[in-house]
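Just passing along the structure, written as C-alpha cells.
Labels for the chains are A, B, C and D, by order of writing; each one numbers its residues from 1.
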Amino acid sequence: MSDRVILRIGAKVLIPFILIFALYVQFHGDFGPGGGFQAGVIFAAAFILYALVYGLENADRVLPPTVVYVCAAVGVMIYAGTGVLTLFLGGEFLDYNVLAHAPEHGQELGIMLVELGVVTTVFGVMVAVFHAFAGRGRVER
Amino acid sequence: MSANLPVLLVVVPLLCAPLAALTRRPRPAWGVAMLAAGWAFVVSILLLSRVLAQGTISYHIGDWAPPWGIEYRIDEVNAFVVLIVSGIAAVVTPYARRSVEREIDATRIPLFYTAYVLCMAGLLGISVTGDVFNVFVFLEISSLSAYALIAQGPDRRALTASYQYLIMGSIGATFIVIGIGLMYVMTGTLNMADLAQRLPMVDANRTIPVAFAFLAVGISLKLALFPLHLWLPNAYTYAPSAVTAFIASTATKVAVYMLLRFFFTIFGAAFAFDVMHLDRVLMPLAIIAIVTMSLSAIYQVNVKRLLAYSSIAQIGYMILGISLASVTGLTAGILHLFNHALMKGGLFLAVGAVMYRTGSVRLRAMEGLGREMPWTMAAFVLAGLSLIGVPLTVGFVSKWYLVLAGLEKGWWPVAAVVLVGSLLAAIYIWKVVEVAYFRERSREEPVREAPLALLLPMWILVLANYYFGMHADLTVGVAHRAAQVLMGVAQ
Amino acid sequence: MAGIYSFLSALLFTTLDAVDVAFTEASVGAGISTVLMLGALALVGKDCKPRTRPAILPLFVVVVTGLVLVYGTMDMPPFGNPDNPIHHHVAPRYIEDSFEETGVPNIVTSVLASYRGYDTMGETTVIFTAVVGVLLLLARGRKASGAEPGGARAIREAAGGATGGAGPVGSAPGGGPPSGGTPGRGPAGTAPGAPRQREREEEGGPSDE
Amino acid sequence: MRILGYYNYWVVIFLMMVGFYTLISRGNLVKKLVGLTVFQTSVFILYISMGKIEGGTAPIIMQGQHVVYSNPIPHVLILTGIVVGIATTAVGLSLVVRIKEAYGTIEEDEIHVQDDVL
C-alpha cells in the first residue's frame, strides 16, 4: 500500500530526529527546560512510533521486552545507588558534593547520574506499559 | 554508617524492589523481600532505641539543611509506627512464601514481591519523612503497589475492589495535595517543623481552615474512617491472604499516623481541637463506626469480610482515643495502633491458613476445623480473645487506657461504647468459634493442619498479643512518650 | 478529550512561566496518556451507556467541595503578587544561591535533582511501581486463553504446580489424596470457568466433586 | 493580569470540580479515570498559579541580568505530580482492561448486577 510506504519512510526519517531531540533534552536539561523525565518519554515515543508503524513483532526484535523491563528496574537502582555511593564516600544520602573534589563538579556529576537513572526508568516504564497494553490487544484479537 | 540509618531504612527496601523484579524467579524474589523486611525490622528497633535514649533524630538528605532540603525527622511517634510496619512485614513475609505460591500464578510472583516491597518501603517512607510533599510521594508508592497487590486476589471481584480502592485512594491523595498546596501558599514552606512554626502566624484567615478540612477528608479516606470506608471491606476480602494481613495491619495504621502528624505536629492540637473542633466531628463518627461496623460484622458469612468490618470498628477506637485530645487518650490511640496490628495480623494470618487448606474463607468452609486444624483455630481463638479485649491480652490494655481517658474527661459514654464494642466483638468472634468447634463438617475429605511455615508466623503474632498484654509497660511507656511529644508541640 | 485538555493546560503552564512543567505535561498528558487511553479503549470498546439514574449526591458533594475551596481562596494571596509569602521563604535561596551551589542555571533542574532530589527518587520509584502494577495486571504467560479471568487461572496453575511437585511449593505438605488433591484445591481446580462457578461450588460444598 | 485577582483560582476550582464530578458520578470506569485526570491536572494548574509572579520569567538563571523569576518550587512539585498522575492512570486503565475481560463490561451498574447474581 502506498500510504503505508509513506508512513514507513516518514517514520524512518523522523525517528533519528526524535532520538537526537531526546538526547538534547536529556543533556540540555541543565540549561533549558527538559531533563531525564522528558527525555525518557521522548525516547519511548520514538520507539512506540516504530512499533506502531512496523508492528510489535519487529519492534520486539529491535528491543526485546526483557531489555525494557530490565531498564525500568535498573534506572531506579542507578538513582538510589548514587545515593548509596555518596554515603560510602562519607556524605549524606544524595549529597553530591562528595562525588568530586569541587562541590560544583560533584553536583553536576550527581545530577547527571540521577538524570541518567530517571531517563532509563522512564524509557523502560513507558515502553513496557505500551507493550503491556498493545500486546494484550494482539492476543485478544 | 549508623548515622545514616534513618534514610537506609527506606532506601534499602527501595533498592531491594527492583532487585526482586530482576530475579524473575519466585524463590530469590521472596528472599530479597525477606532481606528487605528483616533489614527494616532491625533498623527500626535500633532507631526506636536511639530515639528513646537521645530524643528526636533529624537527617538532612543531600546535606541541604531544612527547609531547603528534605528532612527525615524521627521522634517517638514515628519510630513506634515504623516498628509496627517493619515488625508486621518481618512476620508476614516468611508466611507469604507458601501462601503466595498457592494463591498466585508463579510467573507473577517476582513482580508480586516487588510490589510488596515497594508497598512496605512506601509506608516506611511516609512514616519517617519530615516533609509534607514527600509524604505524598511515598503515599503514592505505597498506594499504587497496594492497588496492584489487591488485584492479585483469586476472585475476579478483587479487580473491582482494587479499582474502587484506586478511585477512592486517588481522591484522597488529591485532596491531600490540595491541602498541602493551600498550606504551602500561605507559608512558603513544605517542611513539617517549619510549617508548625509558621502556621500559627497565618491561621487566622480562611485558607488554613480549608487546607485543614481537605487534609482531614483526604486522610480519612485513606484510613477508612466511617462514612469513607466503602473501599475497605472489598479490598480486604478479595486480596490475597498475605496481602490482607499486611495491609490490614499496616496501611491504615500509617494513615492514622498521618492524621496524628498533620493535626498534632503541624497544625497543633490547640488549633485542631479548640479552633477547628475536630473532636466534634471525629468522636461521633468514631462511635458510629464502632457500633455499626461491629453490627455489620456479625452478619457476614465471609470471615475475611467479617474481620474487615471489624477493622473499621477498631479504627474507630483509635480515632476515639485521638479525638479525646488528651495525653491519655492519645496514649490509648497510639497503643491501639500497635495492638490492633498484632491482633488483626494474627487473625488474618489464621484465616489465610484456612484459605491455604480449604480454598475458601466462608463460614461454611470452617465447619469442624477446630478438630482438623487445631493449631490454626487455636491461634484464631486466642487472637480473637485479644480483639474482644479479655484481660492479659493487648486488646484489654488499649481498651483500659481508652476508658481511663474517657473517665478522665468525665465522658462516661466513652466507656459504655467501649463495652458495647467489646460485646459485639465477642458475638462475631463467637460466631466463627461456634462454626469451627461445634459444627460437624459437611465436607467429605478431612483437611490437614497448615504447614509450619504458616503456623510459626501466626503464632509469633498471637503470642505477642499475650506477651505485650502482660508486659504492657513496654508499649505503654513508648506510647505515652509519643503522646506527650504530640501534645507537647501544642503547648 | 483529555489529550486536548492536557495540551491546553500545557499552553497555560507556559504562560505561567512553568516551561519545564509545560514540556512534561505536553509529552505526558497529551502524548503518553492519550496513547494509553486509546490503547485501553481499543481493548474495552468505547460503547457506553447513557446515564439513567440522576446524580444528586455527587452533585451535592462537588458543589460543597467547590464552595469550600472558593471560600478558602478568598484569603489567599492575590494571583501573581510578588509579595506573597510563598515567594519570601525557601524559594529565594534557590533563586539566589542555586547557581553557585550546584552550577546549574535551570533552577527547576537543580531543585528537582539536588535540593529535593529525594522527592525525585520517589517519583522515579512511583513510575517503577506503576510498571510493576501494570505488568502484574496485564502481562501474561501465554499459556492460558485470554477470556478467562486471571484469578481462576492463577489458582489452578498454583494447584497444578503443587500436585506436580515441580514447583517449590513442596510436594509433601500439599499432600492429600493424589487423585482429587486437597479439598480446597478441588473446586478451584475443577472449575476452569469463571470464579463465579467456584463460589457456587463453595456454597454447595464439595459434594460437586 | 492583576484584574484576574482571584478569578484565576476560581476558574481552576471550576475545572477541578468538573473533573471531580465526572469522577464520582459516572458509571463508566474509563470516564471515571478521565475525570480523575482532569481533576488532578486542575490541581496542578492551581499549584503553578501560586508560583507565578507578575512580570516574572521562567526560572532559568540568565547570567548578568537581574530579572524576576517565578517561583520554581511549585514547578518541581508538579513535575512529580504529573508523574504520579500518569502512574495512577496507567494502573487504573490496566485494571479496567482486566475488569472488561472478567465481566465483559465496564459499566459499574452492570458489574454490580453480575456480582449480585452470585
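Definition applied: contacts are C-beta pairs under 8 Å (C-beta built on N, C-alpha and C of every residue); 3 or more make two chains touch, one makes a residue touch a chain.
This is a predicted model, so every value here is computed, not measured.
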Of A-D and C-D, pair with higher C-beta contact tally: C-D
Distance-to-centre winner among chains (Cα means, whole assembly as reference): C
Geometric centre distance via CA averages, subunit D-subunit C, whole Å: 13
Inter-centroid spacing, subunit D versus subunit A (mean Cα positions, whole Å): 24
Inter-centroid spacing, subunit D versus subunit B (mean Cα positions, whole Å): 28
Distance from subunit C to subunit A - Cα centre to Cα centre, in angstrom: 20
Two or more partner chains touched - positions in subunit D: 20, 24, 50, 58, 60, 73-74, 77, 79-80, 83-84, 87-88, 90-91, 93-98, 102
Overlap residues in subunit A, where contacts from two or more other chains coincide: 31-33, 37, 69, 72-73, 76, 80, 83, 93-94, 96, 129, 132-133, 136
Residues of subunit B touching at least two other chains: 14, 17-18, 21, 61-62, 133, 137, 140, 144, 147-148, 151, 156-157, 159, 178, 184-185, 190
Chain contact graph, described as a line, ring, star, complete graph or other shape: complete
Residues of subunit A defined as touching subunit D within the complex: 31-33, 37, 129, 132-133, 136
Residue ranges of subunit A touching subunit B (in the complex, touch as defined): 69-70, 72-74, 76-77, 80-81, 83-84, 87, 91-97
Residue ranges of subunit C touching subunit A (in the complex, touch as defined): 19-20, 22-24, 27-28, 31-32, 35-36, 39-40, 42-43, 100-106, 108-110, 112-114, 117-118, 120-121, 123-125, 127-128, 130-131, 134-135, 137-140, 142, 146
Residue ranges of subunit A in contact with subunit C within the complex: 29-35, 37-38, 41-42, 44-45, 48, 69, 72-73, 75-76, 79-80, 83, 93-94, 96, 103-105, 107-108, 110-111, 114-115, 117-118, 121-122, 124-126, 128-130, 132-137, 139-140
Of all residues in subunit D, those that touch subunit B in their complex: 20, 23-24, 29, 32, 36, 39-40, 43, 46-47, 50, 73-74, 77, 80-81, 84, 87-88, 91-92, 95-96, 98-99, 102-103, 111, 115
